[in-house]
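In order of appearance the chains are A, B, C and D, and numbering begins at 1 in each one.
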Amino acid sequence: MKFSFKNDYSEGCHPNILQALLQSNLDQEAGYGEDRFCLQAKQLIKEKMNRKDSEIYFVSGGTQANLIVISSILKPYQAAISASTGHVLNNETGAIEATGHKVLSVETEDGKLRPSDIIQVLEGHRNVPHQVMPKLVYISNSTELGTVYNTKELEDLSSFCKENNLYLFMDGARLGHGLTAEISDLTLEKVAQLTDVFYLGGTKNGALIGEAIVINNPVLQEDFGFHIKQKGAMLAKGRLLGIQFLELMKNNLYFDLARHANQQAMKIKNALQEKGASFLSDTYTNQIFPILNNDLIEVLSEKFEFYVWKKIDEESSAIRLITSWNTPDQGVEDFIEIIKNN
Amino acid sequence: MKFSFKNDYSEGCHPNILQALLQSNLDQEAGYGEDRFCLQAKQLIKEKMNRKDSEIYFVSGGTQANLIVISSILKPYQAAISASTGHVLNNETGAIEATGHKVLSVETEDGKLRPSDIIQVLEGHRNVPHQVMPKLVYISNSTELGTVYNTKELEDLSSFCKENNLYLFMDGARLGHGLTAEISDLTLEKVAQLTDVFYLGGTKNGALIGEAIVINNPVLQEDFGFHIKQKGAMLAKGRLLGIQFLELMKNNLYFDLARHANQQAMKIKNALQEKGASFLSDTYTNQIFPILNNDLIEVLSEKFEFYVWKKIDEESSAIRLITSWNTPDQGVEDFIEIIKNN
Amino acid sequence: MKFSFKNDYSEGCHPNILQALLQSNLDQEAGYGEDRFCLQAKQLIKEKMNRKDSEIYFVSGGTQANLIVISSILKPYQAAISASTGHVLNNETGAIEATGHKVLSVETEDGKLRPSDIIQVLEGHRNVPHQVMPKLVYISNSTELGTVYNTKELEDLSSFCKENNLYLFMDGARLGHGLTAEISDLTLEKVAQLTDVFYLGGTKNGALIGEAIVINNPVLQEDFGFHIKQKGAMLAKGRLLGIQFLELMKNNLYFDLARHANQQAMKIKNALQEKGASFLSDTYTNQIFPILNNDLIEVLSEKFEFYVWKKIDEESSAIRLITSWNTPDQGVEDFIEIIKNN
Amino acid sequence: MKFSFKNDYSEGCHPNILQALLQSNLDQEAGYGEDRFCLQAKQLIKEKMNRKDSEIYFVSGGTQANLIVISSILKPYQAAISASTGHVLNNETGAIEATGHKVLSVETEDGKLRPSDIIQVLEGHRNVPHQVMPKLVYISNSTELGTVYNTKELEDLSSFCKENNLYLFMDGARLGHGLTAEISDLTLEKVAQLTDVFYLGGTKNGALIGEAIVINNPVLQEDFGFHIKQKGAMLAKGRLLGIQFLELMKNNLYFDLARHANQQAMKIKNALQEKGASFLSDTYTNQIFPILNNDLIEVLSEKFEFYVWKKIDEESSAIRLITSWNTPDQGVEDFIEIIKNN
């Protein structure tokens, strides 16, 4: 069997989680997220982000988190703004539009939105009431291109949004990876201060399922549970989510796992750079997009699974490699070995 | 801590499931339900229901299953018909309406729909195009009142639906309990023959999460995966659902667990009947609704958790007791002991 | 050709409206409701209801008004409450549900909602967040059964709604008829004080098309134009609506037309009562529901069109007769003549 | 008062329409589009397009037509494709998304879609089921830029759509102008053959309100009336729409009015070309976008109303001029006079 660099959800979950599930399995707990694990996990997250007034809800996956958050915030005539590479625009089968809302797309170089990008959307939507009203800025960190926001960038975006009555929502499916990137100076605490809503992704960072939606803006906290239930996202056995986040948050396991994934990717990146490879985007997280000769790609394909992402020219293509919380040294070393020898 | 008869999702999952999760945990698998466990589980379910042409999809919970199935079938102007006690009408925060569809309510005595109930709805909706078009019949088995359909009843309903161009959809959140009720002559095979769509509920029968949606009508199979993704119900680690259903289906564990729950409820029912208690509905599954004197309810409340369901008169109320796949003999015996002594 | 008592929209419009259209036809006006006629008509309505802070919008028809108002007010998890006879429940092809909202139905005797009816709905929806949250009370005046609210009833309902954080919305498709019923002590001014939103129906009272939505609650006024545009209800030539309401409001033509319709119906009602007929509901507006012998119904059918509304027994049925702003004395007299002679 | 070239819906309607309204005003007619005028108008349209098997429905406006047609055709996971200039993308407040569907945007030079544009969208949406499925091609003729499709172009597009299982829908808000453009060889008959659905716009071509939706593909005809009713677009007095289209279709008035509008625009275009002006797009219909010196724009603004469409550089801007079925020679001549003298 080939080793896979296709994504960061190929394996099950961190062993601590399974142990915790085993230990508590036959205890009777309250349903729908009222269990003691959910309560403890929420408490722990609040402590780590140093924000007691936030509200936290657990759901199963990223598309679910995105559609519930966005549809809970926007009025029928309001729209979200996203970089054209945004997950909500391309990879969620129109989940946001299915709740009635347009997502306005902005071309960017690196998958990151800046105030200047948003100004351009706002200026294009002044013909009241004949156009949707842009009201929410959707960003992801790390982005779909593997890039990250630093503190200054997020502060600028946050200030701009406040000045323009826009809500700022961070898709954190890979938030761990974003915050533990070696070039990142952003912290969980800062994210909690600067966004209206964000989520901590579990699925792509060592959980079986689970994203922790954190609502910082009190205006957006009201009645949020109704949205979760209505969209079919409220698990009867909410304990499954609580137990996982409790384990991930203990001793900063969540960040350790993400850092591990990033480091494994950086080893490969360094090896490729030494061989002179260029990249589609300059990333420091667990996604890298090296441009390789097609012959090399073929050789690598014999032992590894990954996506050929984009044809560059007749002789070369960009591939996407994703490492995970569980990517072993051996897989990385074997991959690097082939690179060095070809 | 009090023992809880509040519901059938208070505990974790059957130990076999946790073992299977442990064994396969670090294997790399394809995402989004393309893993080998999902494939095997689907195969096994098809064999057990002796219907190879059905398609099977796994989702996390019942509300999710209901909203995806119903919204995938109905055109914008079409409506579902449900008994007034139906879960989709009362307990899902308008999840069906949120997808754009009306659910037409019919009063019934026992939570079960019969052709005569549906005729009355059809006749009330002849004013084309000023009214919604009833197009789907939603039933649950066992019902929200704990009652069950027998083969003859389901055959009649199925024939009626076919003659009237209506789709028949069975909510099987407690299908195991329905099929293993001592008075039931209905089989999984029959359900697969007589319905257009149904699901096998895992959450309330020993899984952590999971419902297996079975689409028997080929017309309704087309492109179903899109709906699951769009509604945020497609798990990246679909293996979590596949592993669970594989374990539940092996050696008929699914039915054994449901039968156990039913039997524990029947023990209590019998003890109550011996003491002369009456019941809100005559049930043979894991939900019972005895009418008890308020003093007795208070005594029971000291040691047990359960819902007081409905005030009957100044002196008595109906309570709801639900047993589960994991309800131990001790809990049942302690409960019966109190009844006998009061 | 038979004379029709089927409805109040069989004829075109009051001649004053056509004259006003002719006179202004080739003037260039601003589009989308910014024309001088819309502005004048709004001004005139505000004066007549003595409420300057209300906002007024014109749309084409009643279903459109209902779906725009209700969907603009409710959050995704909130529901409307309606009498089971409500137009939004039975005669609008699920238009409200198509915008994502459930309409909760309450059985009433006369098509009118009272606080006691609503209390019962509120008490049945306490299982947060597993049920929709009732948030808007939908009433119609005159109702679908031809009955009317008096001032005391509307005051009680309005107070109750305020105390319970519910919005009160009056469907006024036949508001003229409701306010000019001989037994009505309610005024337009009172309606504007006691409701959050209501509309003045034009279509059923002498206009070609048009309903004037009046938003009294400032919270609900924000951005309302976006909803109208998004639902496809904003006419490029908004003047068509403005001109009509301007003519209808001048010299109280609107109320004169409705009173005429009511009076014609009352003549028939009186004639029937003299012959000893009974009625499905005791109405004083332009809809009456007499119960007649089938032989008489047949005789009447030879010269008149009307709906046979409900079978009463083998020998008799209730019919529905609707008179309009334009029902001539001759039609009424011919109808009465047959009654007297049979 | 300044003469307005802002749009083609500044005036009322063609006098024939008002005469017809006057003549029939007090006749009693069936409601909801079952009146004799609607039936006659539909018959006449079918004859003119030589297609008896099409079905025709009248609605009030373009946004309404677009949202009803598109939402009636697409399943929840399917999307429309539009040129980035498409009315549905920019000028309808997210009306399509509000019905749950994404509109995929393609950049074009002239507002027209070609097979090559669509191929690119299809190829970008192969990741089943993680992306929406493109299923409907939305085009407008004349386009929002004033350009037109010729027969060859529409044939190519139609063939491509058939081969790729895509529906082809033509927004004909300005269909009259498109078909009577001097460079157009396209006919109504051809449009009816080559599209699945299209509409004949009345609002922008001499009617008070009204668009005639023509459904050529029998698969899309089923139950269409339900959609119209559900979206609040079914007028009780449908006669208002029938009478207008009957008058417009008689003696080809519809095409004469559009040709007049085109010709008035071409006079201005020619005068501008003689003065050496350039244009944003090369149009032959009633919309022109000349690029003028800001000084000249200011002079023109003293006597005329029009939109300044786009800043070109510090000294010049493009303006948009729209002529209508009723634009008099005097207005055109006055405008040209200023051009000649400046």
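Just so we're on the same page, a contact is a pair of C-beta atoms (placed from the backbone, for glycine too) under 8 Å apart; a residue touches a chain by one contact, two chains touch by 3 or more.
Just so you know, these numbers come straight off a predicted model, no measurement behind them.
> Pick the pair from B-C, B-D or A-B whose contact list overlaps the C-D contact list by over half.
A-B
> Measuring from the mean C-alpha position of chain A to the mean C-alpha position of chain B, what distance in angstrom results?
34
> For chain A and chain D, let me know how many angstrom lie between their CA-based centres, rounded off.
Here chain A and chain D have centroids separated by 42 Å.
> Chain A to chain C: how many Å between their CA centres?
Computed from C-alpha means, the inter-chain centre distance equals 51 Å.
> In chain C, what residues contact two or more other chains?
76-77, 92-94, 98-100, 129-130, 226, 229-230, 234
> With chains as vertices joined when they touch, what's the shape: line, ring, star, complete or other?
Shape of the chain contacts: complete, all pairs touching.
> Inside the complex, what are the residues of chain D that reach chain B?
Of all residues in chain D, those touching chain B are 32, 71-72, 75-77, 99-100, 128-130, 133, 223, 225-230, 234.
> Applying the document's contact rule, which stretches of chain A touch chain B when the two form their complex?
1, 3-4, 6-7, 9-13, 15, 18, 21-22, 24-31, 59-68, 92-95, 98, 203-204, 208-209, 226, 229-237, 239-240, 326
> Quick one: which bits of chain C touch chain B in the complex? Just the residue numbers, please.
The touching residues are 76-77, 79, 90-94, 97-102, 105, 127, 129-132.
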